Amino acid sequence: MTHPDSPTFTLGELAEQLDARLVGDAGRRVSGLATLRDATPDQVAFLANRAYFKDLPGTRAAAVLLTPELGEECPVARLELANPYLAYAALSRLFDPLASRAPGGIHPSAVVAEGARLGERVEVGPQAVVEAGVTLGDEVVVGPGCVIGADSRIGAGSRLHANVTVCHGVVIGERAILHSGCVIGGDGFGFAHDGARWHKIAQLGGVVLGDDVEVGSCSSIDRGALGDTVIGNDVKIDSQVQIAHNVQIGDHSALAGCVGIAGSTRVGKHCMLGGGVGLSGHLTLCDGVQVTGMSLVTNSILEPGVYSSGTGAMKNAQWRKNAVRFKQLDDLAKRLARLEKSGRGG
Amino acid sequence: MTHPDSPTFTLGELAEQLDARLVGDAGRRVSGLATLRDATPDQVAFLANRAYFKDLPGTRAAAVLLTPELGEECPVARLELANPYLAYAALSRLFDPLASRAPGGIHPSAVVAEGARLGERVEVGPQAVVEAGVTLGDEVVVGPGCVIGADSRIGAGSRLHANVTVCHGVVIGERAILHSGCVIGGDGFGFAHDGARWHKIAQLGGVVLGDDVEVGSCSSIDRGALGDTVIGNDVKIDSQVQIAHNVQIGDHSALAGCVGIAGSTRVGKHCMLGGGVGLSGHLTLCDGVQVTGMSLVTNSILEPGVYSSGTGAMKNAQWRKNAVRFKQLDDLAKRLARLEKSGRGG
Amino acid sequence: MTHPDSPTFTLGELAEQLDARLVGDAGRRVSGLATLRDATPDQVAFLANRAYFKDLPGTRAAAVLLTPELGEECPVARLELANPYLAYAALSRLFDPLASRAPGGIHPSAVVAEGARLGERVEVGPQAVVEAGVTLGDEVVVGPGCVIGADSRIGAGSRLHANVTVCHGVVIGERAILHSGCVIGGDGFGFAHDGARWHKIAQLGGVVLGDDVEVGSCSSIDRGALGDTVIGNDVKIDSQVQIAHNVQIGDHSALAGCVGIAGSTRVGKHCMLGGGVGLSGHLTLCDGVQVTGMSLVTNSILEPGVYSSGTGAMKNAQWRKNAVRFKQLDDLAKRLARLEKSGRGG
């Protein structure tokens, strides 16, 4: 979809921006990005995955981002560079209509407490609330309906989309992107039991997000019980993710949708958790661990690599037969061992 | 529960509305709906499932919705029709106090951008925000605290409950119902890795919802990376559901709570996904697929039917023994094959 | 983290509050809580778990909460009492900077409908909405951006953090704590199918929360179809939890993050559901049931105890081999039985 407000560029400008070798008309103007298959003649396409090579000959794109060795195959203008997927990422940001909007200032309906410190070119949207003691760095955007709790600090260039909640005393680094409905700094889940009922443990810690962190829609990161919940630099968190109190996530890790991490677990750097993965509390995952979708991790993982649990879907009739056998598995194993023994013995 | 503001009707009026055969006093006035067991003498009950037949003789309801062949068994007045469950659905909407509220107009505290186009009898609740370029069809209700992002379009008769977020450039059909806390059009989860760190891929696509779509509390539907995320007509989505970028859901499909669907997966028409089901990315599910609760689907499903994965809960002590055997399963299978071979050989 | 606004106390005051035996300087002033390891000389630490006994000799805390039998081992001042973890919970609430804030009254930007009944010392934050017919008990705090739907009632001493949504006709007991982004009373997921398409069943029931209930960030509790969804007293619900229509949860039960409970299921008293647990609809769990993380429960549980399902993560290469065998499990079991029979026969 080419957005009506998308900026336009010439191929020459793009080649310069991307440091790419342009083969084609430098003056040709383009207004958006698309796949090889869907691109119209005013759009740029990209070839980053050999699976889509088959779409190259028929593309109607104005130009294609690709590696030099595929250049000869391209039926239209081309921008040659080493990593077309990275170049696609860079172009996507260039064509993003949000990125080129002028900051809107403080909307008259916003409530900004006296004494809040706002940097240069800060935008606070309609109906937003900025409580006392808050610090917003330069060019921070606080979307409509957001609430920034007392004494929180948000670093320069961060953007909070609509209806984000940042609770009190939260620290967020630079260039963060927080999507609508996410909650940073709600209470962790802590109670003491007296044998009959629960007694709340006030959650006195905070949440610290590094630089370049992204948090998806409706995700929640709870504040620490005593120390802080800590999210490293360049950590990317998808939608509907739950991060419990005192969790630590190392730099550059990525968590897909619906991940849940229980209290005090530490995830290393450069880890990747698939959708719906659950990590028990008080575990350690070392750097470079990948866990596939919907796996349950109940023990620490101290060696990098790919880990999995669960079983894939099959027809229900077949599944019923197998699932009932799972409950007999220990018995089956013992019977097998007996048979082996009797066989050897006989 | 009969709500204090519920409207009341006579049995004669209900018979006419439902095109049912009334056996009983057409002038009797009723003020609500309940189960056969709980109904008070001013309420209507229904018998749609044979499991509740046992509750029929003792019911105190004013009248019962049921099929003609059960009519003789009914101890009170009755409304006979072919599908009592559908009739119950129709009556529930008739008795809904929300449905009969007069539209509230534009609340003075709402912020509606100049140039937004609002149809007839539109309601925009307190503290809501309607950004520039938005189009709201006739009789759209935007609840308190909602934010409607720039250039979005919402079809006639749609109702957004409180604190819903619709991001920029989203298209929503007619008669949609969006529940509180849901987010339509947050960014999809897209990043390019340069070997050391992540680079954001701006999500330039949008979200398109068909007519008669319902989205539950705290659910999120992410915008597409290039093309749109597309939800068909009459698709029903429960609470806490996550739908990633560029997913397509066919008409009349239903997704129960906590479902997660990864990027670019296509779900057919008339599909039903149970609670907590996870679908990997880039899959195709054909029309008429049902997946039972908490199943993981990692391969496309090209034949209609019921699919499942996982195993049901058992006592922990028993489970521990079986779960540990799961890690030996391949070994057990090989040992069994060896035994079979030696047996045949002997 | 010692919050800048934390109140301070003398050890003597703490001993009196906790009914503890103080061994040390009653006049020493402390300003916060920490672990044995992290405590600075102005903080109190606690020893509630023998696993941390090793941190006792080296602690720099001003004083330690511990049991009398460990008193002699303590290198600093001590507060002796029977249950140090409960005492820690009590102190955490004492040191909570939120607890000592003066109520803020009704913010001028809040929209409070005429006829809403507000108790003494109620606070309604900026941009919040309180609809017609609402009753707020004494000392209720409604955070910034919250929406309280028509005719709802919230009991004395309850605190709603920012951006909470309470829909119409919801009843909440005393001392509730509702965290940001949670939604109480959205529609349950109910539709009748006519063979071609879905027809909405209006959700005419409500939600009733008992006293001392806590609900985490971004959790949702749906309203009943006819009767109410009922959450007992002292029930603690973590973040990202989904509770469907007409569910009943017994007193003192605790639900960890990402739990999903389908419609009409009844959970007993003193139950504990681990993170990501899924309960099918129309089940009964008796009192005292514990279910471990990410288990799927598809049958009622009528005996107290610990229940589990699923399998833990292992290396992907190993997992692939075992997971494929799971699909052969019924076949393996039959082959084993045949071997046993032939062995006995021979």
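Order of writing sets the labels: A, B and C. Residues in every chain begin at 1.
Basically, a residue touches a chain if its C-beta (ideal position, glycine included) is under 8 Å from a C-beta of that chain, and two chains touch if they have at least 3 such contacts.
Quantities reported herein were computed from a predicted structural model and do not represent experimental measurements.
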Check: Once the Cα atoms of chain A and chain C are superposed, what angle does the rotation have, between 0 and 180 degrees and to the nearest 5?
Finding: 120
Next item on the list: Give a one-word verdict, same or different, on whether chain A and chain B use largely identical residue numbers at their interface, taking over half shared as same.
Entry: different
Check: Roughly how far is chain A from chain B, going centre to centre by Cα mean, in whole Å?
Finding: 26
Check: Mind pulling the chain B residues that touch 2 or more other chains?
Finding: 109, 127, 145, 163, 181, 218, 240, 258, 310-312, 314, 326, 328-329, 332, 336, 339, 343
Notebook entry, point to check: In their shared complex, at which residues does chain B touch chain C?
Noted result: 1, 3-4, 6, 32-35, 38, 83, 85-86, 88-90, 92-93, 95-99, 107, 109, 125-127, 143-145, 161-163, 177, 179-181, 212, 214, 216-218, 234, 236, 238-240, 252, 254, 256-258, 275-276, 293-294, 310-317, 319-320, 323, 326-330, 332-333, 336, 339-340, 343
Margin query: Can you tell me which positions in chain C touch chain B when the two form their complex?
Written below: 109, 111, 127-129, 131, 145, 147, 149, 151, 163, 165, 167-169, 181-183, 186-187, 189-192, 194, 196-206, 218-220, 222, 224-228, 240, 242, 244, 258, 260, 262, 278, 280, 291-292, 295-299, 301, 305-312, 314, 318, 321-322, 324-326, 328-329, 332, 335-336, 339, 342-343
